[in-house]
Structure formats: structure tokens, C-alpha cells
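In what follows, chain A forms one complex with chain B and a second complex with chain C.
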Partner chain A sequence: MKKRSKAVRYNKWGYIFLIPFFLVYIVFQLIPLFTTIYNSFFENYRSGLTQIGPNFVGLENYKTLFSGGDIWQYAKNTMVMWLMCFIPQILLSLILGAWFSDVRLRLKGSRFFKTAIYLPNLIMASAFSMLFFTLFSEGGPINSLLLQIGLIDEPFKFFSHVWSSRSLIAFMNLLMWFGNTTILLMAGMMGIDTSLFEAAEVDGATSTQTFFKITLPLLRPILVYVMVTSLIGGLQMFDVPQILTDGSGEPMRSTMTLIMFLNKHLYSKNYGMAGALSVILFIITAILSLVVFKVTGNDKRKA
Partner chain B sequence: MRKKLLSSLLALTMVVTMFAGCGGGSGTQTSGDSQAPSTTSAEKQEEVAATAEEGKVLNIYCWNEEFKSRVTAHYPGYSEVDATHGKIGDIDVVWNITPNKDNAYQNNLDETLLKQDSAAADDKIDIFLVEADYALKYVDTPYTMAVSDLGITDADLANQFQYTKDVVTDSNGVLKGLSWQGCPGALFYNREVAKEVLGTDDPAEVQKYLSDWDTFNKTAETMKAAGYYMTATVNDTYRTYSNNVSSKWVVDGKVVIDDNIMKWVEDSKKLVDGKMTGTADLWSDDWSAGFYPDGKVFCYFGPAWFINFSMAADVEGSIGYNGGWAATEGPQGFFWGGTWICAATGTDNVETIKDIMLKLTTDESIMKEIVVQDDDFVNNKPAMEAMAADTSYSSKVLGGQNPLAMYCAGAGKIDLSNLSAYDQGCNEEFQKAMKNYFEGNATLDEALDIFYKAVTEKYPDLSY
Partner chain C sequence: MKKENGLKQGLGIHTRRTIAYVTLTIITFFCLFWFYVLFINATRSNGELQSGFTFIPSSHLLENWENLVTGTIPVWSGLINSLIVSTCSAALSVYFSTMTAYAIHAYDFKFKQQIFAFILMIMMIPTQVTALGFIKLVSNLKLEDSFIPLIVPTIAAPITFFYMKQYMDSTLPLSLIEAARIDGSGEIRTFNSIVLPLMKPAIAVQAIFTFVSSWNNYFTPALILHDEKKKTLPILIAQLRSADWLKFDMGQVYVMIAFSIFPIIIVYLLLSKHIVAGVALGSVKG
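And then the complex of A and B:
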């Protein structure tokens, strides 16, 4: 009798200690999620100092969003810039991770480099963007450098061409996040049983073979995790393009991401439209995550 | 048992603080939602009572240092404490400065004004500043106090330019703000360049090369041939076109692009294609490069405050520092900016506000001081006309020219009948969108489409 009650008491503590998490989760995540969905059915904005609404309008906000067709353009922008950043990033991180975790290489100062590659992530995205904006502006140092070398005859307007602006944004995101990805992948690689590598070495496998036949397959769960988090992060891309293009997504809104579009609606406190857009974003994120998870995670060999 | 008590207590405190936090949040929410401050008789009495005893804190909302530097330099009895604090007698002056860009200032002001009713007396906004572009948004609401309620009479304001009053008169004809400056625009050109290319730097002679847009554009080609840019960017000429429109930006809830603005697009496209000007944004580094000789820019458009406040006149090596600019009327008259002082409803410093307004906007000796020290053009007709005729006054930045007569004539001509509450958003978005067209990234129609999109995002109540 006494023993049983003790066990129950322990369970109870478990729940009590979970209360703070659930409360935070409910207050800051679950309730906002549902109010956002609720808000998306209302016309609710401010014109000057006058509040308009909230009036129930059904699916009108969604209709307006889709009728313009712009939302697909912004979704495409976001995905293009994410891919331009993610593909080089994962390759770079895999190479760096393999080098850093390879005991045979005995890289000197790997501790230093592990720290150094993470450093860009410590700078605020806004400061980083401002820096790049100044560097690449018409009269900025990059342009005068190129002019002096003689590569170009007149200043190149980096922010007035679709691909140069997109590349810059992708490059900045790459710089900021490759260190983070490298550390994650490295942790995954170091978690692989070293006896497997030794066995491969005994069998005469080259380092390329070891990488593709042993490291990569065993790294799959971490890779999936990295991909899903990066995808979600990519969909929420905001700070870098916002600051770099001054919120305009110029040229011709080709660098306007979904969240920047969302931010445009908050200018007039348009909670209805912003809510509708958030709901769509939520659905897209959920679907994409599921797809990635299904495609890459459903591997029989893993079990 | 004791352990259990302690831990449940800990858990409880955590939970309670959490609820306290969100309780506070929802509290402000409801107060934020409450509509326009009610001006019941009880509150009027409160205001009267407040007049007798001034509040301890004077909160001033503005977007840059301009008003602060005017008060610091010219308001008797003001002493500066630090960058955002000052003192007038026993009253603490608190400057709340939020940059204007992308509506940050207005957003901040809106939030605070909407809470004005429930804020503590010392936290209430007492003075806020507005610009012509969005003055109507605030003036046409009960959040702004009528100037007459402060005890300022029409006779006090007889010397002010009419247009400065029109901007801040609400739809019922009540005057709700005052300005110390007039902002008729002029064209500032580089004397050196004028001498070199046009053979003269005399304002009257140079004006002949700039008298209307066709001659202006022709001169631009001459400048190009000599290796100079006509203006730093296309946006320099924008206001001159947009002030001479024949309709408002918004008519019956629809966005309308005036013919004169389309003329700006047409002229500017030619200038950009001919590399006679750039496409940088106003206030950007590429734009302000022309304040120095290396920028190779012939002219800028601006009002009186532009010389003092923007042209890097106090930086050694700049054109302004060496008095290398001169002013002339340019192709068309225009005005730019201007700052109006408004008193917020619910203030507890009525007397102080009244005094600041009177001293800065009607006191002739203070206003003359502003002209001499800051090259500003002040809102006092007789004083300005007297100084225009006075040969002893001249502007250092303008190489000894006295531009006041030109400003006086300009201020009388300013017509503000086509202002709307949406001007700032429309002007900003239009320039941004057209940049795509000028740089060849879009056709005119595509660029216009971007403009309409951006405007309706900003103002969901508009259509096109």
C-alpha cells in the first residue's frame, strides 16, 4: 500500500514539473495559433487613427490573397533563395564536418576553426545586412575595388538586378548558418561507431568510399533534422532581405519573402489579411515538413 | 512534507507570475482598443485644474533633432540635461525621438496616442510634431488640441503664412497646430559648375537655363557633356512635380495618379537613360555624395531647412562649407516638409506648451535669431520681408546670397488644396516602384502595378 502511493507521488511530480512548459506552450503557442486562425476570418485594420472592423467576412481574406497570385511569386522567391543558400551550405558543411571529425587527418587548430566558422551567426542579422548593404552599394568599397582592378567600367548596381540581390541574400544566409550546420553534422559524425571506420580501413576502403558508404547513410537522421529545421527557417526568412532591400523586396519584388509580405500587412495593423497569410504559411510549412520527413526518413534499413 | 510544500510553492509562484504577466498584457490591450478620448465636461475641468498646476514632465514626440536643437538654442529657460532630457524651470522635458522612416514615428505615436486616455499624467504625450504629408491624419481627430484652447488667439498668429495654417486646420475649420518655419522650395546649384559649364553663377542668369522642365532637361544634357550629373537622383525633382498636381492622391477611396506625376516619370526616365542622373534613394550615401565636389552633381531641390540641416554644410571640404551653393527658383515652385507643433489632448502642461508655441512661432526676435543662426526660413511674413530687403543678411552656405525674397515670394504661392492623409505612403511607394522602371527591370505598367499593390497593402481601405 505504502509502496504504491509512493510511485503515484513520483508520477504526480512529473506532471507538476511539466506544468510550466505546458503553460508557456499554451499561452505563447497554442492560443496564438487558434486566434490567428480566428482572426483570418475578419476584416480588421486601422486606417489612420480609426479602427475598422473587426467584421466577419468569411473566406474573403483568403480570396484576396489568392486572387492576386502574388503569394505564389513570394513563395517562389522564398524557396529559390532558400535553395540557393541550402545546397552550397549542406555541401560545405558535409566537407567541413567530415574533415573535422576525421581522426586520421589530424587537422591542426580545428578547435579554432570550429569556433571561427560559427562566429558569423553571432552577429545580428540586421547589422550583417547593413554591412553588406554598405559594402555592395553603388559607391561602396566592392564597386570601387572592381573598378580599380578594371573588371567593370562603371559601378554595378547589385541591388537593382534580380540575381545579384538574390545571390547576396543567399550568400549572407549561407555565411550565417553554415557554421551551425557544420557543428550539427559533426556531432552526428562523431556519434558514429569508430569501429566501423576502422573496419573499413582494414578492408582497404578509400576515404571517399568511407564517406559515401558509411558516414552518409548513418548520418541520415541528423541530415533529415538539419533539412527540416533549415527548411522551416528558410520559409521564415525575413531579417536579411528586409534590411538589405529596405523592406521593399526590390527589384520588382523578386526578393520579397512570405514573411516580408506578412510584415507589409502589419503596417496598417491588418490582422485579418496577416492572419490569413499566417494560416497559409502554417499549412505550407506543415506539408513541406511532412514531405521531407516521408521522403528521407522512411528508410527500412534504419529500423 | 516540507519539501513537498516548498516545491508546490515554487511551482505555484511560477504559475502565478505567468498569469500576472499575461494579465498585464490583456489589460493594456483593452485600454489600447478604447476609442477616441472622451472630452466630457469632467475632463475639461480637469484640464483647467491642470492649467493651474503644471505637470512635472513634458513629453515631446518627434522624429529628429531639429525641433530639439531649435528649443535648445532659442527657447529661453531651456537647459539641456542629456541627449534625450532637458529642463524648463522645474519641468522635466523628455524627448521621445523615433526616426520617420517607414512610418516608425507614426506607428509609435499612434500606439501612444490611443493609450493617452489611460496613461498616467506624467506619461501622457504633451507635444507631438507632424509633417504636412500626414498632418491631416492627426489633426482631423480629437487627439489634437485646438490652438485656441491653449489660449492662443488669431491676433497672435496674424503674421504667419496662410498655408502653414491650412495644413493643420481640421475639416471643421479649427486650427490645431503651429509651425515656426515656412518651407518654400528652391533649386540649389553648384556655383563652380555653373561657372564652368554655363559661364555664369549669377542666380538670375542661371535661372534662364532652368526656367521650365524642357530647358531644365536640355541643360541636363549640357551638364552630361561636361561630365556632371544634373541631379543626384531622380527623386530630387519628385516633389517639384508632385506639388504641382491638379488632383489629390486619393479621390473617393480610389488611388489616382496625376498627369504631372506621370510627366515626372517620363522626364526622369529620359534623364536616367541618358545617365544624367542616378536612381539612389533620397538620404542615401550615393545621394549625399553630391554635397562634396567629387560627387559631380549640379543641383539639388530643397527648402530653406535643407541647406542648414542636410547639405553637410558644417563638414570641412563640402561644397556648402566653402559657400559654394547658390539658390534660384527652378522650373516650378514647391514646398517640402515643415514641422508643425501640436498639443495632445489630455496634456497637463497647457501653459508651457502655449509659451513654447508663442515664443517659437510668433516672437519676432527669436524668429530672426533662427534665420541668422540656422539659415531657416521662419513663419513670420513681415519679419521675413524686412530681412529680405536687408542687405546685411546673407547666407554663408549660399556664398553670400540673400535668398529670403525668393522664399517669401514662394511661400505666398504655395497651394495646399491637394493634400490628402495618404500622401506619405503614396509618395514613398511611388518612388520605390518607379525605380524598377527607371532601371529597366520592369515596363511602366509593371512598375505601376507594383505601386498599386504596395499602396493597397499599406492602406487596405483604398482601391484602384
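And then the complex of A and C:
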């Protein structure tokens, strides 16, 4: 009896220790979320020097957003560049993860390789983009290198072609994220019971068969986790294309992402449209988060 | 005997090993090449840079640096601002995330499971989707050009929280807390003087991650900081891009980029063992 009341007395500290988190969360995340939703129902922008609104317009902003066509173009750009980054990334990471976690292969210097491939993930995306912009510019080192080798006769304008601009952005994102994905997948593969591999070896399975029949199926929860979190990350794509194209999304708005679009509305203080776009993005990311939660949540709470 | 075994397994182990090494070497080259070029170009003068590319460093690093710091870009204040924001964010974030994790780990109270589930659910929601409300809040509170809206929100960091919770599950026995209570230690003191020291390895890893992400952050600071003297390094880099960069001394541009990238690389190389292990630990379990 006495013990129980004592435990209850201690347990109020659980709430007390949660206060900082929730106070900050409510002030800086939850209230802004409601303000954002609220603003999405108002017409509120500047036209020249005159301020229009804020006037309540209901769902008018959403209608304008979806009928405008821009959002579809930007959503397509975002998805195309995400896929161009994600497909090679997952393949590469699966192979590297399998190699790193393969005990029979016994790779030497794997710590060095892991260190090297994770490095780009920590680099400031804006500085990395500025670096790529200068390296791949018309008079930049890459062009002079290609000219010196004799691969091209005149400087190639990387930022004037849709495919090369998109490829560069996807490539940079690939460089920045495949190391992270590799380490996650590797951790997953190392978690697989080694007796399964031994049994497969005894049964005479080749390493390719082992990979497809044992590793891959057992890795499914992690693969889903990696894919959905990467998709959420892909939807947030901003720094790289923003700096690389100076916010223009050139050529022909083919590299303009959804968050760049949002950023544009925020800068021009078109709060109605920015709000509507934010709400759409919130709904999509919330659904995706729920998927991540469903896939891994039970496991996490047990842990 | 061994060889026969190898043949039976499709490709022999030696062939597979060779393929792995060659591939890894090529990939590593693609990861490091850019930073090598950056280093080379930062040491070359504008004239040399115009005349084509070479793999040999030149001798103009200090000269480029001098030109940069005496130029129009507020590099020093950018560096100091970035350091202040990142250091404070890292310190606050790890302290309070550990506290939040401790609340869930060590106590039993009503709705604990629901609160835990809620934090996990909001973990993936990007900050960009609430940016509009956030800048409205910041302007209502008159906190534009202040670092507070960049630092304080890191107290509520679900990902850091989750990492700390995972770490506590594996290293912090509840019996230890019980023992401290019997010795008459108050709950706050127990947290500060027993739990925090035990969490040191996890705190170090997460402090680095928070520091780096804050150091690299461009989206939110760019919306809040407008005063030249308050801007952080990523904003200054973005300005370099929007400036008429062809008129620029390219040596300076490279030094500026190197200046924002290399400190992180050096710290990373010193601590890489813990960081790489930390990434794996923070992930979900298979």
C-alpha cells in the first residue's frame, strides 16, 4: 500500500519531464500547423503595392492550386528526380550492404569504405550544390577536364538541358544519401540469424540465391521503411535544386520542386497559396508517416 | 576441397572479392573526388582557374582567404552565427531529448504508451509544411533576426528522442534509479548526475548529428534571418550563387565553399567510428 503511493508520487515526474518537449512542440510545431491550415482558407497576397486580403475564400486557394497546372508539373519534377535518385540508390545500397555484412567475403578496409561513402551525407547541401554549380559550369573544371581528354569539342552546358540538370540533381542526392541507406540496410542484414545463411550454404545455395531467397524477404520491413522515409525526404527536396538553379527551377521549370514552389510563395508573401500547398504536403507526409509507423511502430514500442 | 566449394557457389570467393574491391574503390572515388577538386581549386588564383584544370595544388590558398575575408561577404560573422546556432541547438536538443526519453523509460503513468506512439507518429513530419505558421509566429513574437526560433524548437526532436530511448533500453537499468532513490537522491538530481553521465556515448553521437544538421540548415534560417550580420553560412553561400558570380574571383568562391565544408569533414574523420555506428543504431530493428 505504502509502496504503491510512493510509486505514484515518483511517477508524476514522468509528466514533469515531458513538459519541455510538449511545450516546445505545441508552440513551434502544433500552433504553426493550425495557423498554416487557417491561412489556407484566406486570400492574402500582394499585388504590386496593394495588399489583397486577408479575406475568407473557403477552398478557393485549393481550387486555384490544382487548376493552375503548376503544381502537377512541380510534383512530377519532384517525383522524377526522386526516382532517378532512389532506384540506383536502393540497388547500390543492397549490393554494398550485402558485401559489408557478408562474413565469407571478409572485406578488408570496410571501415574506410563505410566512412567514405557516408561522408557526403554530412556535407552542407547548399555548399555542395554551389560546388557542383561551379564545377559543372561552362568554364568549370569538369568541362575543361572533358575537353582535355578529348571527349567533347566544346563546353557542354549542363544547366541548359533538362536531362542533364535533373541528372545532376539526382546524382547529388544519390551521393548524399546512399551511404546512409547502405548502413541502414547493412544493420538490417547483420540482424538476420546467421544460422539461416549457414543452412543455405550447407544446402549448396549460391550467394545470389541466398540473397534473393533469404536476405531480401527478411529485409522487407526495413526496405519499406527505407523507401517511405526516402520518399518523405524526396518530397522535401529543396536545397540542391534551389542553389543549383538559383531558385528558378530552370531549364523550363523542369527542376522546380514542390518545396521550392512553397518557398516562392512564402517569399512573395502569398500566404493563402502557401497555406494550401503546405496543407496538401502535410496530408501526404502524414499518410506516409503513418505507413512508417505501421511498418515499424510495433517493433519500436516493443524495443 | 576449398576450391571445389568455391566453384559450386557460382562465382568464386576471390572473384567476388575482387569485384567488391573494384566497385568500392570506384564508388569511394566518386564520393571523395569533388572534395579533392574543391581543395585544389581553393589553392589556385583566379587566373590559374580560368586556364583549365589540374590535379596539382597551387600556392594561393592564403591569398584567396585574405581576399575573401576583406571582401563584401561577412564570412566571420557567418561562421560565428553558424557556430552559436549549431552549438546551442545541439546542447539543448540532446539534453531535453534525453529528458523526454527518460520520462518514458523510467516512469509509469497514464497515457504513457499513447504519448510514446504520438511522438513516433510525428517523427517524420517535415518542418517545411508548417513553415508558413512558423514565420507568422516568429514575426508575431518579434523574433525575426533572432537565433531563438532556430535554437529553441530543437528541444522537441522526436528522432533524437527515439535514439535516446533505444539507447536507454539497452543500457539504463531501472534498478539503478531505484538505488539512487533509496540513497535519497531527488528525481532531477538523479537525472542530471546519474542518467546523463551514463548516456554520454549516445549524447555525443546525437550532439554531432544535431550540430551538423543545424550547421547545414538553409530553409528555415533563410526565412527568418534578413540582417547581413545575422546570417548563417548556408545563406551566405546561397547569396554567392545569386550574385553575378562570373564577375567573382573564383578562387574566393572555392575558399568560401571549402570554409563551410571542411570543418565538418575534419570533425567527421576524427569521430567517424562513432558516427557510422550511430547511424545503424538509430535505425529500426530487423
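We take it that the second predicted complex is superposed on the first by the 273 of 303 C-alpha atoms of A that agree within 3 Å, B and C clash if a C-alpha of one lies under 4 Å from a C-alpha of the other, contacts with A are read in each partner's own complex, and residues count from 1 in each chain.
As a convention for this text, contacts are C-beta pairs under 8 Å (C-beta built on N, C-alpha and C of every residue); 3 or more make two chains touch, one makes a residue touch a chain.
Computed from a prediction, not measured in an experiment: that's the story for all the values here.
A.B. asks: Using the touch definition from the top, say if A:K264 reaches chain B (first), chain C (second), both or neither.
C.D. replies: Touch status of A:K264: first partner only.
A.B. asks: Please determine whether it is chain B or chain C that touches the greater number of chain A residues.
C.D. replies: After superposing on chain A, more of chain A is contacted by C.
A.B. asks: Given the touch rule stated above, what does A:L49 touch, chain B (first), chain C (second), both, or neither?
C.D. replies: first
A.B. asks: Give one of first, second, both or neither to describe whether A:D246 is in contact with chain B, with chain C, with both, or with none.
C.D. replies: both
A.B. asks: Give one of first, second, both or neither to describe whether A:P120 is in contact with chain B, with chain C, with both, or with none.
C.D. replies: In the superposition, A:P120 contacts chain C only.
A.B. asks: Would you sort A:L218 into first (chain B), second (chain C), both or neither based on which partner it touches?
C.D. replies: A:L218 contacts chain C only, not chain B.
A.B. asks: With the two structures laid over each other on chain A, which partner does A:P20 touch: chain B (first), chain C (second), both, or neither?
C.D. replies: Both partners, chain B and chain C.
A.B. asks: Is A:F66 in contact with chain B, with chain C, with both, or with neither (first, second, both, neither)?
C.D. replies: In the superposition, A:F66 contacts neither chain B nor chain C.
A.B. asks: Applying the document's definition of touch, where does A:G139 land relative to chain B and chain C: first, second, both, or neither?
C.D. replies: Both partners.
A.B. asks: Does the superposition put A:R111 against chain B (first), chain C (second), both, or neither?
C.D. replies: Touch status of A:R111: second partner only.
A.B. asks: State which residues of chain A lie in both footprints, the one left by chain B and the one left by chain C.
C.D. replies: Touching chain B in the first complex and chain C in the second, residues 13, 16-17, 20, 24, 27, 134, 139, 246-247 of chain A appear in both lists.
A.B. asks: Under the definition above, what is the set of chain A residues touching chain B in their complex?
C.D. replies: Listed in rising order, the residues are 13, 16-17, 19-20, 23-24, 27, 45-49, 51-52, 68, 70, 134, 137-139, 157, 160-162, 246-248, 250-253, 264-265, 267-268, 270, 273.
A.B. asks: Can you list the chain B residues touching chain A in their complex?
C.D. replies: Spelled out, the residues of chain B in touch with chain A are 7-8, 11, 14-15, 18, 22, 33, 35-36, 102-103, 110, 113-114, 137-138, 141, 143, 278-281, 284-286, 289, 421, 432, 435-436, 439, 441-442, 446-447, 450, 453-454, 457-461.
A.B. asks: Please give the residue numbers of chain C that touch chain A in the complex, ascending.
C.D. replies: Within the complex, chain C touches chain A at residues 8-11, 13, 16-17, 20-21, 23-24, 27-28, 30-32, 34-35, 37-38, 41, 50, 52-53, 96-97, 99-100, 102-104, 106-109, 112-113, 115-117, 119-137, 149, 152-153, 155-156, 161-162, 166, 169, 181, 187, 191, 212, 215-216, 218-219, 223, 233-234, 237-238, 240-242, 245, 250, 253-254, 257, 260-261, 264-265, 268-269, 272-273, 275-276, 279-281, 283-286.
A.B. asks: Can you tell me which positions in chain A touch chain C when the two form their complex?
C.D. replies: 7, 10-18, 20-22, 24-25, 27-29, 31-36, 39, 92, 95-96, 99, 104-107, 111-120, 122-135, 139, 141-142, 144-145, 147-148, 175, 179-180, 183-184, 186-189, 191-192, 204, 206-208, 218-219, 221-222, 225, 229, 232, 235-236, 238-239, 242-243, 246-247, 259, 262-263, 266, 271, 274-275, 278-279, 281-282, 285-286, 288-290, 292-293, 296-297, 299-301, 303
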